[in-house]
Structures are given as structure tokens and as C-alpha cells.
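Below: one structure in C-alpha cells.
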Amino acid sequence: MSNKALNKPEGFLQCANCKKIIFSVDFEQNLRVCPYCGHHHRLSASHRIEITFDAGSFVELDQDIRSLNPLEFPEYAEKLAAAIEKQDAYDSMTSGTAALDGLPVSVAVADFHFMGGSMGSANGEKITRTLERAAETGHPAIIFCASGGARMQEGLLSLMQMAKTTAAAQRCSRAGVPFISVFTDPTMAGVLASYASIADVILSEPKALVGFAGLRVSKQAGVGKVPDDFQTAEFGYNHGMIDRIVARKEMRTTLIHLVKTLGGAKLNGK
Amino acid sequence: MSNKALNKPEGFLQCANCKKIIFSVDFEQNLRVCPYCGHHHRLSASHRIEITFDAGSFVELDQDIRSLNPLEFPEYAEKLAAAIEKQDAYDSMTSGTAALDGLPVSVAVADFHFMGGSMGSANGEKITRTLERAAETGHPAIIFCASGGARMQEGLLSLMQMAKTTAAAQRCSRAGVPFISVFTDPTMAGVLASYASIADVILSEPKALVGFAGLRVSKQAGVGKVPDDFQTAEFGYNHGMIDRIVARKEMRTTLIHLVKTLGGAKLNGK
Amino acid sequence: MSKTHKEWERPLNELEDGIIKLKEVSKKEKDPQKREALEAKIADYETRRDRYVEVMYSNLGAWEKVLVARAEKRPYTLDYIQAIFHNYVELQGDRNGFVDHAIVGGPAMLDGRPVMIVGHQKGRNIQERQLRNFGYARPEGYRKAIRLFEMAERFRMPVITLVDTPGADAGVEAESRGISEAIAAAIFKMFELTVPSVSIVIGEGGSGGAIGIAASNRVLMLEHSIYSVIAPEGCASILWRQADRGADAAKALKLTANSALEFELIDEIIPEPIGGAHRDWPTACANVKGAILKHLGELDQLSPSAIYEDRYARFRKMGVYEDIFGS
Amino acid sequence: MSKTHKEWERPLNELEDGIIKLKEVSKKEKDPQKREALEAKIADYETRRDRYVEVMYSNLGAWEKVLVARAEKRPYTLDYIQAIFHNYVELQGDRNGFVDHAIVGGPAMLDGRPVMIVGHQKGRNIQERQLRNFGYARPEGYRKAIRLFEMAERFRMPVITLVDTPGADAGVEAESRGISEAIAAAIFKMFELTVPSVSIVIGEGGSGGAIGIAASNRVLMLEHSIYSVIAPEGCASILWRQADRGADAAKALKLTANSALEFELIDEIIPEPIGGAHRDWPTACANVKGAILKHLGELDQLSPSAIYEDRYARFRKMGVYEDIFGS
């Protein structure tokens, strides 16, 4: 299913889920959540940052980090260049520092539009730095995930990003600093099977696609029937993997509560 | 099912499981395991100690500890006195120190024949001391369990033995000393839901009854059908709760391997 | 069969219903004289009601305690959380494939300080009761609790647990996922903590299911709560093969807060408002809050390793036995 | 469709079958002269066979490595354990309700010192293959591994892991019990360790399923093993929508030990006997043992905290990226 609201006649859009026509102003005011069916359309990293953290508090870091093509993988250089050109960014992950109700946090926000948010060397490095900054400063880490998984075109280097980012999360944990990951549509495969799933708290937007392998692969591998809500956030919630499904408009408040309580001791220097 | 081999004409017994007649000498040589069906008949604590640990290595401790009747629970005093009289012991648990292939171990061995091996204050105290001795000396703890659960007649005091013995196991773990529990028929309820199940390694004799509640209660509580092997050691093994089903004649060797490997660092003073 | 709490309180409830009706009549009454008479009657009934409640609750027997502890209108864990804490974020998930709504928990603020809360949760209507499995927690509930305990340790948050369960789920599914192991592991994890922990039995403290989240530095009981190694009905059924002799078993089991205090198994009894917590939630919640603050305040004086040792020592001494020669 | 290892080795196998037959004939031959001629022929065939093997294996392409890494007769984890260690006690149980036979492990002795072993296990016959889920580990396998890692840390035992999986189980059941979480948690746990850890890719190092037990201080690969972010067939199917272009994908993915070493993702390549590990188990096992002893010996020099930092630093530097202005 495409997750992109389609542009319709001037000032109107069509919901990617229920196909109803939405007045653009309403759509934006409702944080790109369909007012009819509640479908959470994908957000760009900058939009997500804007609606989540204190106004003007975000400071971007690591913005020049970009993947190379060490394997000289077929067509990779072209794809990467096109993504950089189109998204005006070097990677799907935007990382830096921000504040939530005045409390400092170390953040990274994924943008699925950049090569499906796949995790290559640059992506892994930015996540790692985000978690390391949290461990060092004692400021809670918050990562918004959106990814199809590891970036195949960087081969084993990409697989190692699973280990590297998870190691950084462990360091954060050892330092007693909270790490909250937020699943957005979609959070899959190598990202789900590494740092994203070992956060202290895992939140998810409603109906986000969340799973280990593509549905086709799961069906081939399995014997039982596939539940209707398979690989949705709700399935993850009902199977103990997600702590809370949080509607987009409640996300900021929920994060503030968590940062205050879980980060309380560190943030007060105790 | 009764677990007691019945005495038959001079020199013969009947297997409690397959009902076949067994020559007593064979039965004893086979460690009271039926040569026909492999049924492991219950053992007394002294017999278990004899066949498990190095000959003559066992030194009993805590043998004078006995339960009182603080709740003045109906009929408890009489039942307890009768058990003491019949079993010539103050409690179902025999505790002390022993050796396995020359390596020192802290041990406790339950005897189901004493009031169904139920855990009251005396029982909990002996388990606690066994685990504390392990933590202090660095000698691995080995506990053979056989119990219907907590001793109802000591009320909340019995329930607290679950916490007390589990705390002692935690202390053992914190000290880096291995704790191995061995389930024998039956290992149930309050004992299963406390120290027995948080051992580093859990072994079980084949077909031992192992469960949280009586079968009747489980059936009432549940909705699904009851599997054929429900609440057997094999069921526990297939549901991730038991590490190994070990035949009685392999138990000593298995314990020696575990004590050598898991206890290696501590026993060599590293 | 033994009475339920509702049946036991019927005379009282009838009196209360009568008062409500009289009040309605009085409100509609135009004649001042008649209204005055009615109001006098109401005042009289209320006095009688209060005295009745006082007498009824002043000296509850063990079985009456069982009835009150199980009362449907008693405040449950989420009611206490709502009244006492702020910024509560309930966290689900055992991270093992299952979810349990009979145990709830998450971080929250208590008068400006972060704490981690874990508690059994019963349901108040039939749908919620089913969702919450009638308060019988499953393995995943205890595994969730373990996660929250670990988080509390990592982030240096005191742990508050609220105990209110008839017992852990003993069904085939729960058994297959290791209900015994889950309870044992939860107790074990509580003993690992170097942050303070306070547990309060707010209703039913039912056997293994209760102790699974009650291995704390301080264990308190609400005045009319119960704490028992086995449900009285189960005990009666084993002892006398008569499940309906629960009242006799309750007495024999000594499952009241007074007995628990006498055997030094709990640290304090939290008084309930007259007529029980279910008659006055705000007072019950205030008393619970006061008790938590008091005990946390005391535990705040201890270092992390002293917290650990204090908890160990607390349970280490539990038990009544004779050791003739020592050893 | 691409060839299997068996098909690829067919000419060689035919030659070997021929040699076996000739030997039988020779053994029965009574005439000394004829026997001598036969034996000369055998010797000639054997020389040719040896040269053939040498040529065939001296410069394997990426796809041939895939075939060899998957060879049915290659030694598996339990074969290495059997040959290298003593007193091995296999421990089951995730302590969460499930059991997985695609990951095995337990404590054992290595030349007199205790170690903890964890490895993927494939099956050799059809029953065992089903039991072991064809080497696709399930969540419970990783959770068992976590238990064993924790035990290793508690009892100060080095951890040895043997990696040999086409990938983790991606089925509906595995998903419902959190295969992703289980892998992540296993990696996480490995990074917690302050005891040394050594991982060896002995066959297939298949994506997440492999890294789940391969976050060690030292990661080694057998000469003809492979290590890849995705199965070549899966990659081909995504890239070109042609699963049978696995050979092309294998080349593009650079999944050989040489490439892994070149990108500094592994520490050493363990040589295999000529013709591959499946042709000479004792030599393969001896080489693996030698490598373990060598690396453990080096790691023994480090303090627990240095072990932890060494592992972190090892993975921290992995990745090839440009950071124009730094930051």
C-alpha cells in the first residue's frame, strides 16, 4: 500500500487509505492524519521534528555524513546520487539535539522517502552518534524509525550496522540513559532486528508496518495462517513487542512524560 | 498415580507404572528404575545422596531444624509429629555438603515421603542455608526437588519461604556461584514457582510431574485442551523450562560435568 | 455457599438505598414542615447507617475480610495510580510474544519524583474483567513486571507495587509459557534491585501470584486486605473436600493484615476509611499515598547496597522454626 | 536454476566413485600383475583427483563459495563441539515457553578451561533437518543463547559461537514471538559481556540470523564460508526479480571471507583442508581449535573492562562513509 496522500484539485488531497478527499488545510492541521479513517501518512524528517520537539530547539549534527559505494554494487552509485538530489540530504536519517518541554534530548529521525530509509554505513554512523551523545551527556535518546531494513548495496558493511547501532544502545543503557524508539510506517528487517527493538521503551504510530521479513517471505516460511493484522503495530503490541500505540497528536506529550520520569534521575544530575 | 513400587512375593516388586513384576535385586541395581518401562520410582533422600555424590562425602547439616505450628492450624501438629515419627527426620529436606568427583558442593535433597515434601518454615530455612553456604564458599549448589508446594498449614509464613529461598538463590547468582536444581517426581506449585525455577541449570528426571497447579485446577482455569504430556518433565522441556531430561543413571556424570565447567572459575579460585 | 460481599452488605445497602430515596422525596416536598420532618428522618437514618457501618467494620472476621478485600467497588490499582501519581505512561509488552492486562505498570511522578509502578489490575465491568483475566496474571504479566523492575534499576527509580490478585493464572496456556518460572524470575529480579521498593496489598494478596510482585523492602497491607498462601476455598477443598467451608479455612489460614503484622511478615497496616476503602476512595488513596511517602522517605536514607541488604534481611528472617542445637 | 553443491562437485564425485570401484576390483584381483596395473591406475586417478580438487578449490568464485558453504557434508556445529571440546552438556530452554533446536549450546571444557559454546545447528538427514528447522533459528533459539551468554558472564567463561545459518526464521510464528526483538536482544547481550568472545562463521553466515550470535571480540571465517547481509537468491529476486541469478548477486554482495577481511569486518580467515572442510573433518576441526586457542590466548591478556571496550571499538569503526566537515 502506498502511504502517500495524493494531490487532487487545488487545495485537496486523497487519503492513501480510505481514498476520501481531504481539504489540505485540515490535513496539515491534523498532522497529516486522515480526519476520516485516522490513517497516519508518512512524514518527512523535518516535518516530524517540527511537530515533536520544542519550537526551534532542534540543532542538526552529522549532516555531512554520506555513504560511499565500497562494494561497487551495480546501480548503487546512481540510486544514491538520485536520492541525495531529490531529498536534498545525504541520508534518510537526520540527527542532532533538541528539547522536549525544555528538557534536552539526543534525537534521530528517519525519512522513508530517502532510499526507503535503508541502513547503510552513513545511517548506522548517525544512529550510533545519536546514542553515544545520549550516553555521554545523560540526555535521553529518541529515535523515530522508518526503514525497509539494511541497505543491501553495502553488503556485509550494512549487516554490521546492526551490531554497531545495538552496541551504542547498550552503551546508552549501561550509562543509565533512557532510549525511546518510535516505530513509524514502515519499521522492518535489519532495523527492527537491531537498535530499534532493544530500546527501553518502544512506541509506535498506529497501523505502521512492523516486521522482520516481507510478507511474501513470512508466508513461504510459515505453516500457519497469516492473521489479518500481521506485521502491523497493533500485532506487535498484542505480541509484547511494542509498549504503546500512540496517535501522532499524543506523541509529544507521551515523550515528555517518559523523558521526565525515566530521564528524571540523570537530568537532575542524580 | 502412586509412585511406589509394591512389594510382591519375597524378592520381587511390581512397577508402579507398567505393573510388571521385577526382581528386587535388579530393581535396586537399576537405581529403582523399572528395567521394562524406564519408570523412575521415587527415592528417599538418603538413597539419592548415596547414588549421586562421592561415597562417604556427604556431611549433614541443619538436621535439627523443625517446623512449629505458629498458626495453630487444625490437625497440623498431629500430621507433623506423625511424619517425624515415620520418616525419622524433622523435615523432607536433607541438607549439607558433599563432593562430586572430588569437587565440593553444597546440597539439599528432598524426600517426598515426608508430608509431600511441602515447604514450610523449616524447609525454607534449610534451602536458604544451602544456597547461602554455596554463595559464601563458592561451592556450587545442587538441590534435588520433590514437593507438592508450599505448606498450607503454615499460612503466609510458607508463602514467604518462596521469597526467602529465591532471595538466597539470587545471592548465589550474584556471587557467581552455579546453582543447579534437579526436578524429581513431583515438583509443584510454590516450590516450582520459586527457587527451583530460577536455578542456572534445571535438570529433571524423566516423566516427573512438574507443574504450577493441580491438574484439576489447570483444567478449570484453562480453555484449550490439555496436552497428553501436560505437567510432565517432557512438557517442561518442550516449553523451554527444563534444560535437560537426565536418566537417573546419567545424573551423577551430568552433574560432574556441570560443576567442572560452570563452577570452574570459582573452584579454581579465579 | 458462602456469601459474597454484596450479599453480606445487603442490609447496609438497603439502608443506603432508603436514604437516597428519602432524599429524593424530600427534595420534591414543597411543604416546609413535612420537609423538615423528612430531613430529620434522613439524619436519623444516616446516623444509624454510620453506626451500622462502624460496628460492621470495626471487628471484621477473617471471612468478612475476604469479602471486603474482594469487593467490586474497592479501588483497584489504576484508581490508586490515577489519584496518587502524575505523568503515568502505561507500558505494555513482555518482549517475548505476549501481552497481559492483569498486570499493569509504567513510570510516573510521585510528588515530583520519578517512580516505577507495577500492579495487578482487576476489571470492573464484564468486558474489562475478561480483558484482565479476572486479575489472574499470566506469565507475560510477570515478564512485563521484570522489564519494568529492570528499567527502575537502570534509571534509579523507586519501585511501587500494588498487589490485588486472587492468584496467578493456572490454565494450560499459562503453564505452557512457564507461569512458575515467570513468578520465580520476578521475585528473583526484585531481590536484585538496589533502588527502594514498597509493596502494598490493596485487596487480595493471592499466593504465588501476589508474592511475584511483592518482594520489597517494605510490604504494607490495607486494613481490610488479605494475604494468603492459598485461596480459602482451595484450602477448604483440600482439607475438608468442601470448597464452601472457605470461612473456616480463612480463619485457619490467618490471612488478615493483623496476623501478617503479628508474624512480622508486613511492616505496617494502612488504615481504611470507616466502612472500607470502597466507601471512600479519596481517603483510601490519601492514606496509601501517605504510607508510600513515609516509607520511601525512610528508605531514601539508605545507600544502594544497603537497600539490597535491607530487603534480603527482611525476608531472611521470615519463618517460625525450632533449631535445637543450632548449626 | 543455479547448481547445488552436489551438482557442482559431480565430476569430482564420479572420479571418486571410480576410484572406490577400482579399489574393490583390485582387492579381489588374484593375479599380482593385473593387480599391480590396477594399483598404478588407482594412483594415477588419485593424483588426478587431488590435482582436480586443488584446481577446483584454489580459486573459488563467490557463488562456488556459497555452494561449498552450504555443502551437506560440511562439519556442523555439533561436529566441531564433539571434536574440539570435552564435558559438553547441551542446555535447552529459553525459559519463556519454547524450545529451538536450530541453535544449540552449553558449557564445555577446552583444553582444561571452561567455555560456553553457542552455535547454529543444521540437520544432516531429513528428520534432523526438520527438527532443526533447516538451520533457521527461532526467537527461542536467540533467547536460549542470551541465557547462555548471561551464564558465561556470571561464571567468567569465555564465549565461543559457531555461525551456520541461512538466516533467521521469518515465519508467522517466529514473527509473533518477536524474532526481531530476540536477535536484537542477543546482539545487545553480547555487547554487555566482560568475558572474551570469539565467533567463527563455519558455513553460512546468513544476515540477521548470523549477526545475532556473532557480536564478538574476534570474528573469524572458515576459508570457504560466506557472510552476507542477504541471501544471494533474495538479493537477486529484489534487484532483478530473478531468484535464479543468485550467482550474480553473490558476486555483487562480496560475501566471501576475503572480502570480509578486506573491509576489516573479520579478524582472520581459518584455512580449510584442500577440497574444503567437508573433505577432511579432522583437519578442519584442528584448524578451528587452533584459531580459538590463539585468539582466546590474546584476549586473556585483557581485563574485563578492556574486553568490553575492545568489542565496542571493534564494531564501532565498521562502515565506509564520508564525513566531509566532520562534526
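Each chain carries a letter (A, B, C and D) given by its place in the written order, and its residues are counted from 1.
Following the convention adopted for this analysis, a residue touches a chain if its C-beta (ideal position, glycine included) is under 8 Å from a C-beta of that chain, and two chains touch if they have at least 3 such contacts.
Since this is a predicted model, take the numbers as computed values, not measurements.
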Residual chain groupings, excluding chain D and keeping positions: one piece
Remotest chain, chain B as reference, centres from CA atoms: A
Of A-D and B-D, whichever chain pair has more C-beta contact pairs: A-D
Rigid-body rotation angle, chain B and chain A, from Cα fit (steps of 5°): 180
Rounded Å distance, chain C centre to chain D centre (Cα mean): 54
CA centroid of chain A to CA centroid of chain D, Å: 33
Distance from chain D to chain B - Cα centre to Cα centre, in angstrom: 40
Junction residues of chain C - those touching two or more other chains: 95-97, 143, 176-178, 181, 185
For chain A, residues that touch 2 or more chains besides their own: 173, 239-241
Overall pattern in which the protein chains touch one another (line/ring/star/complete/other): other
Complete list of chain pairs which touch one another: A-C, A-D, B-C, B-D, C-D
List of chain B residues in touch with chain C within their complex: 61-68, 70-71, 73-74, 120-122, 124-125, 128, 150, 152, 154-164, 166-171, 173-174, 189-190, 192-198, 211-213, 217-219, 221-227, 230-231, 235, 239-241
Complex interface listing, chain D residues touching chain A: 136, 168-181, 183-185, 187-188, 191-192, 207-208, 210-212, 214-215, 227-230, 234-235, 238-239, 252-255, 259-260, 263, 265, 311-312, 315-316, 318-327
Touch list for chain A against partner chain C, complex: 173, 176, 178, 200-202, 237-244, 254, 257-258, 260-266, 270
Footprint of chain A on chain C - complex, ascending: 87-99, 107-109, 113-115, 140, 143-144, 151, 154-157
Chain C - residues contacting chain D, complex: 95-97, 139, 143, 176-178, 181, 185
